[in-house]
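Chains: A, B and C, in written order; residue numbering restarts at 1 for each.
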């Protein structure tokens, strides 16, 4: 009997270890092809060139062009999601009646459940034409529409997680502030938000990480032109949509074009990994405060 | 050695003076010492009560007899525990088998979220016993022993959670009895129950004495006085006094015991 | 205007802003669904559901995409559920506080935050190229399984955590072994929570496009996959492909396909929420 128990434990342990294998797999695949890539392209050029044209005849391999696209769209997304998400969180936590909160929170979470390809379609076919009415010089593919729609998709990330953080603040703090005659607005911004700050910051970091890793919205609506720019009205290309572009094409295995997606992927992975690690560390360090 | 083997089973069990024994037991949780140098002998077919203030080691000591402390982080034991003259902490001892012979009832009733029948049959099913007739008979006799059969016999498939607190506790006792242990450990079995249910269970313990050896931890001194043959007074991990219940409650040897009994502290 | 009035105005203004933003979020959802229904609803008919994709927008259908989605989900379920639930059981019931267990936990939490396209690259390098499965439904499902694994693991752990320890104590006290306690007491009690997690992870997997593009799901697959190694297409891929075509007819087809996809997604989420509520009631 003891053998059976030990065997079962071993099988379950192996299941858990597949997660480690996954991480090892990701790192190995990314590094393997990237190292091969960097034999042909210098890291210096990769990091400093502002043009990214591996698929053209005159090849440039400056990741900054893709990075700027990624960060531009992510920045617009956060510019939308942060004020809206945080305000909604505070509103639901401190102003809205309980029934309101109960029905609205799930509805907002539906926003996060919609497949991103649907958002991409929405951005291209509805948001862009709408914005073009206001600003006719807006190009068909641009980072503004994609960024705004991405921001809407991310609102639940910030609003739900921040709301949970606010919810976790001990009632006594809230009551103390009210007892001194503070309005909800004052209590929210002078007491609750600072008290929940670590949770709110974590939610923002996770939202940024999500925006950076987003693919379909930008692949559909932001364009396929890698440009090192801050102009939200022209097409750009993000790291993620570049990878999609090459994968949809016919880059033969072992070719330089094929390897570029791994070098780009490695860059993306490093960004999101750093952000996730920072948020994990913040969560760990500051969550002890109230427990 | 050879001579002992020639004795019959009856003779050797008659010879067995004590059902449960502890010899020089110390228990530690990491650096904290919960039990200090306790030795104790418990006779078969008796009811022994452990009394004393909270946190004095009564539950810890009780759980040594079915090795339930093994699951607590940092648990460490010195000394020996014997059941039927066998050291239960030896490596070759099968803990699961041990627990079939030493049953336990907990403070808060904890029936499984299954039917009444499935609850009582659980201990048998995990042993691989599948015969339906056998299970039904055993479930019936166990429920009869705890005086629950008439109340539930038409509803054996209903969820155990639908029963009242007192009924649930009796169900848990039936569940324990179904595997036919020889020892029953009870950790404050009535502290979560109303007086009526408590009375019913005390009556039950009285009836079970004939077939089982019972050790009960209780905060309720009157309960100890009512149902036990022997009482052990625990204080801060030590046994201050262990004697016939009558003596403990009418003429204790130690001043501390007297103080506790009369309510001067606790 | 004295301070008290100023503060009151700020308070009311913020309240209005909060209501506005919240309603904005809801209205975007409504606008999105309304527009898609308006454009695509009439396009949905039996032909649409049973036709193969075509270069002509009026003839295009989602048949292969739907079959591909179903096949892919079936395979993903077969791979991801045993491993995910098994890992969850191990982490919650067997692994003790140690450096190894912390490592496992940190790792899983990290994997949950890795962009899905990176999983695509993983699938490309390992399943498509190294194991030579090609751009097949096998490679696709293995990739998706790894993607949703953290979700299932976390859901399993949460469900197991919710089982009261007193039930496990009772089981051990009756002489049950560890695995018996897990299989006869813990898992039946946590079943609802685990199922909810599985359904949620699948509804996420159904909408995934990026990793499948990288692994080689094709946009134009005029046949239904018959073996594990066949090429395949899925619904979100089809939508993506049609969205990138200039003809208005394809925009209509894309809208129609989106309606189907959203329907599936919402139904699955609804079922998951239903199960979660049922299970949470049971715990009380």
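The working rule: a residue touches a chain if its C-beta (ideal position, glycine included) is under 8 Å from a C-beta of that chain, and two chains touch if they have at least 3 such contacts.
Quantities reported herein were computed from a predicted structural model and do not represent experimental measurements.
Student: Among all other chains, pick the one whose mean CA position is farthest from the mean CA position of chain B.
Tutor: Following the centroid criterion, the farthest chain would be A.
Student: Can you tell me which chain is nearest the middle of the complex, judged by mean CA position?
Tutor: Per-chain C-alpha centroids ranked by distance to the global centroid put C first.
Student: Roughly how far is chain A from chain C, centre to centre by C-alpha average, rounded to an integer in Å?
Tutor: That gives a centre separation of 17 Å.
Student: Taking the mean of the C-alpha atoms as each chain's centre, how many Å separate chain A from chain B?
Tutor: Measuring from centre to centre gives 57 Å for this pair.
Student: If you average the CA atoms of chain B and of chain C, how many Å lie between those two points?
Tutor: Here chain B and chain C have centroids separated by 49 Å.
Student: By residue number and range, which residues of chain A touch two or more other chains?
Tutor: Counting only residues that touch two or more other chains, chain A contributes 1.
Student: Tell me, which residues of chain C touch at least two other chains?
Tutor: Answer for chain C, listing residues that touch two or more other chains: 177.
Student: List, in ascending order, every residue of chain B touching at least 2 other chains.
Tutor: 96
Student: Any idea which chain B residues touch chain C in the complex?
Tutor: By the definition above, chain B touches chain C via 66, 68, 71, 96-100, 103-104, 106, 108, 110-114, 122-123, 125-127, 172, 175-176, 179.
Student: Sort out for me which residues of chain C touch chain B in the complex.
Tutor: 164, 166-167, 169-177, 180, 184-185, 188-189, 282
Student: Within the complex, which stretch of chain A touches chain C?
Tutor: Touch residues, chain A against chain C: 1, 4-5, 8-9, 11-13, 15-16, 18-20, 22-23, 25-26, 28-30, 32-33, 83-84, 87-88, 90-92, 95-96, 104, 106-108, 110-111, 113-118, 120-122, 124-126, 152, 155, 159, 183-186, 188, 206, 209, 212-216, 219-220, 240, 243-244, 247-248, 253, 261-262, 265, 268-269, 272-273, 275-277, 280.
Student: Under the stated contact criterion, what part of chain C meets chain A in this complex?
Tutor: The contact residues of chain C facing chain A are 7-8, 10-11, 14-15, 17-19, 21-22, 24-26, 28-29, 31-32, 35-36, 82-84, 86-87, 89-91, 94-95, 103-104, 106-111, 113-122, 124-126, 129, 146, 149-150, 153, 177-179, 203-204, 206-210, 213-214, 216, 219, 236, 239-240, 243-244, 251, 254-255, 258, 261-262, 265-266, 269, 273.
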